[in-house]
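First up is the structure itself, then whatever we jot down about it.
Chains: A, B, C and D, in written order; residue numbering restarts at 1 for each.
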Amino acid sequence: MTVVVGNPKPASRTLTAAKLLASALAPQSEPTVLDLVTLGPALLGWGDPAVAEAVRTVRESQVAIFASPTFKATYTGLLKLFLEQFDGGTGLADVVAVPLMLGAGPTHALAPDLLLKPVLTEIGATTALPGLYLSDRTFSEDGAIERYAGRWRPVLTALASKVSGGEVANHA
Amino acid sequence: MTVVVGNPKPASRTLTAAKLLASALAPQSEPTVLDLVTLGPALLGWGDPAVAEAVRTVRESQVAIFASPTFKATYTGLLKLFLEQFDGGTGLADVVAVPLMLGAGPTHALAPDLLLKPVLTEIGATTALPGLYLSDRTFSEDGAIERYAGRWRPVLTALASKVSGGEVANHA
Amino acid sequence: MTVVVGNPKPASRTLTAAKLLASALAPQSEPTVLDLVTLGPALLGWGDPAVAEAVRTVRESQVAIFASPTFKATYTGLLKLFLEQFDGGTGLADVVAVPLMLGAGPTHALAPDLLLKPVLTEIGATTALPGLYLSDRTFSEDGAIERYAGRWRPVLTALASKVSGGEVANHA
Amino acid sequence: MTVVVGNPKPASRTLTAAKLLASALAPQSEPTVLDLVTLGPALLGWGDPAVAEAVRTVRESQVAIFASPTFKATYTGLLKLFLEQFDGGTGLADVVAVPLMLGAGPTHALAPDLLLKPVLTEIGATTALPGLYLSDRTFSEDGAIERYAGRWRPVLTALASKVSGGEVANHA
């Protein structure tokens, strides 16, 4: 599993929450973490080797969590810059993508499903799980991550095994 | 598999397209078809037995296609009335829901993913497949249904077997 | 000003809130109220005289508030049925449309701007004001209506006078 | 009028189209053009003087066109980075913001109203005009800019005069 973090602050609460979610969804494995801010200005162009390597890591993941704080009621420009590095339609063709957003209060709770998930879908990901929206103040103790993981882990397991078996990959 | 058709005209092209999609996704089985317009004014209230029976049919389906023409750039009020009959969060908890919309031209092609899918997600469905948007003039011959089914059938199969095994159902 | 209420319960809190908003936006005038549920099953078809009369009332309004409770994280099917009675692109061409939604908690606060406003825009309305989302428990005393009206009344006044002067109406 | 261009390629067709739209909406004046790519990596942080100056220019505009190509079915990360530099709720409080997107085909035509406009609304802009979506191949000759300007110029004029008179600015 890979965790992609689109917070302009390094080592953010977004990253902490995304890692907790990864653990809850796949307790037995350690996720690869991509803290996008470390890629820096290379994200503003195309062809940077470190960016290409990050893209490859995500493409080859069975499951990737795409995590962002809520800025202006939606995901960050930093995360979007990274998503623009993938091929449209097929860039995430073999990946189950999980949209995760954190906000200070509940008013933007629709953003993961209405805004972040569609862009992942557009890049070809299997977005089988609903978006998860967490309070950036209480996520480590409010139980939301555990409830979500308990509800959706079986779906993820079913899909990941299918993907790894290569059956999902047979498409144009 | 169940096909839910939210076109105010009975036996519409929406219904024809939804049945073709059902066949392409599950060639070996005959779908149950719910043409919502036949439920009529009962959808404006709560507690009608025929509506309750239709809701039960959908709830007990492993897979349901929710099909609508595009009216004012989104799905129909008729379909929404039916969706309001389900319990929020859990009403479609054991169902893999496939959003399908038809339109006269391509300008509303984002509507299934941005508008119809989120309401299905809200009712608790597993919306693992992207929305499908079809031309209501060419869908029977343009190959879009077949391409979509070829790409997504393995995902549906993986999920449906998981759901039928009951592993998805264990949640509050 | 006209108030359109899409709550399946007659004389709802949605209606009360919409009337309060109308008063706050135009203190000197009494709004016309259309409680859509009173139109009943006629909304499921086309050509009903009472529905046509309601459509005409809205078309001829300088300002119309479109009010809905939040069902499944979006506006109601009842309201959508009514909106489907207007001509696409031009049906609300001379109307400044104000999207209003009420919900039990803040989690669906993005729905007026992301979901209700676009359908009003699609029908040709001038949607110059942001969507307003109110708590259905506290709206009569929490000050949200007054703050919104204080902020946006000047914009409405500027537009309404322009519309009434006919300058907005010159379009294909 | 100010034109904000969020295309990672400098001097893009997006810029050309935005300038044509500016001319059509306000024929008598020359717009200020901000080609965001020239701000470069400074957009990834906060506090850069050139970015602050660009923000100030937009804040003090009566009307601003926000223009973006369509990447992954939505506006660019580059444009979002710039929007994140504004204060939430009030950053565009005195600005009438016009959402403009260009795409290779019509399939993403809903993006300006469903995706770009809400973020401008969130920052406090008056988004009275509908989103405009243009073909990046035919915009200079297909008449879409002229039709849009002819339809919406009166609304813009009414609002801009109101804003310049300071009546819109009285808010918390």
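By our rule, a contact is a pair of C-beta atoms (placed from the backbone, for glycine too) under 8 Å apart; a residue touches a chain by one contact, two chains touch by 3 or more.
Everything numeric here is computed off the predicted structure, so don't read it as measured data.
**Student:** Among all chains, whose Cα centre is located farthest from the one for chain C?
**Tutor:** It is A.
**Student:** Where are there more C-beta contacts: C-D or A-C?
**Tutor:** Answer by contact count: C-D.
**Student:** Using mean CA coordinates as chain centres, what's the chain C-chain D distance in Å?
**Tutor:** That pair's centroid distance is 26 Å.
**Student:** Quick one: report the Å distance separating chain A from chain C, using the average Cα coordinate of each chain.
**Tutor:** From the centre of chain A to the centre of chain C is 37 Å.
**Student:** Going through chain A residue by residue, note those that touch at least 2 other chains and give them in order.
**Tutor:** Touching at least two other chains: 73, 110, 114-115, 118, 122.
**Student:** In their shared complex, at which residues does chain B touch chain C?
**Tutor:** Going by the criterion above, the answer is residues 8, 37, 40-41, 43-45, 71-74, 76-84, 86, 88, 115, 118-119, 122-123.
**Student:** Across the complex, what residues on chain D touch chain B?
**Tutor:** Touching chain B from chain D are residues 73, 105-111, 114-115.
**Student:** For a test of understanding, state which residues of chain D touch chain C in their complex under the given definition.
**Tutor:** It comes out as residues 110, 113-114, 117-118, 121-122, 126-128, 130-131, 147, 150-151, 154-155, 157-159, 161-162, 167-168, 170-172.
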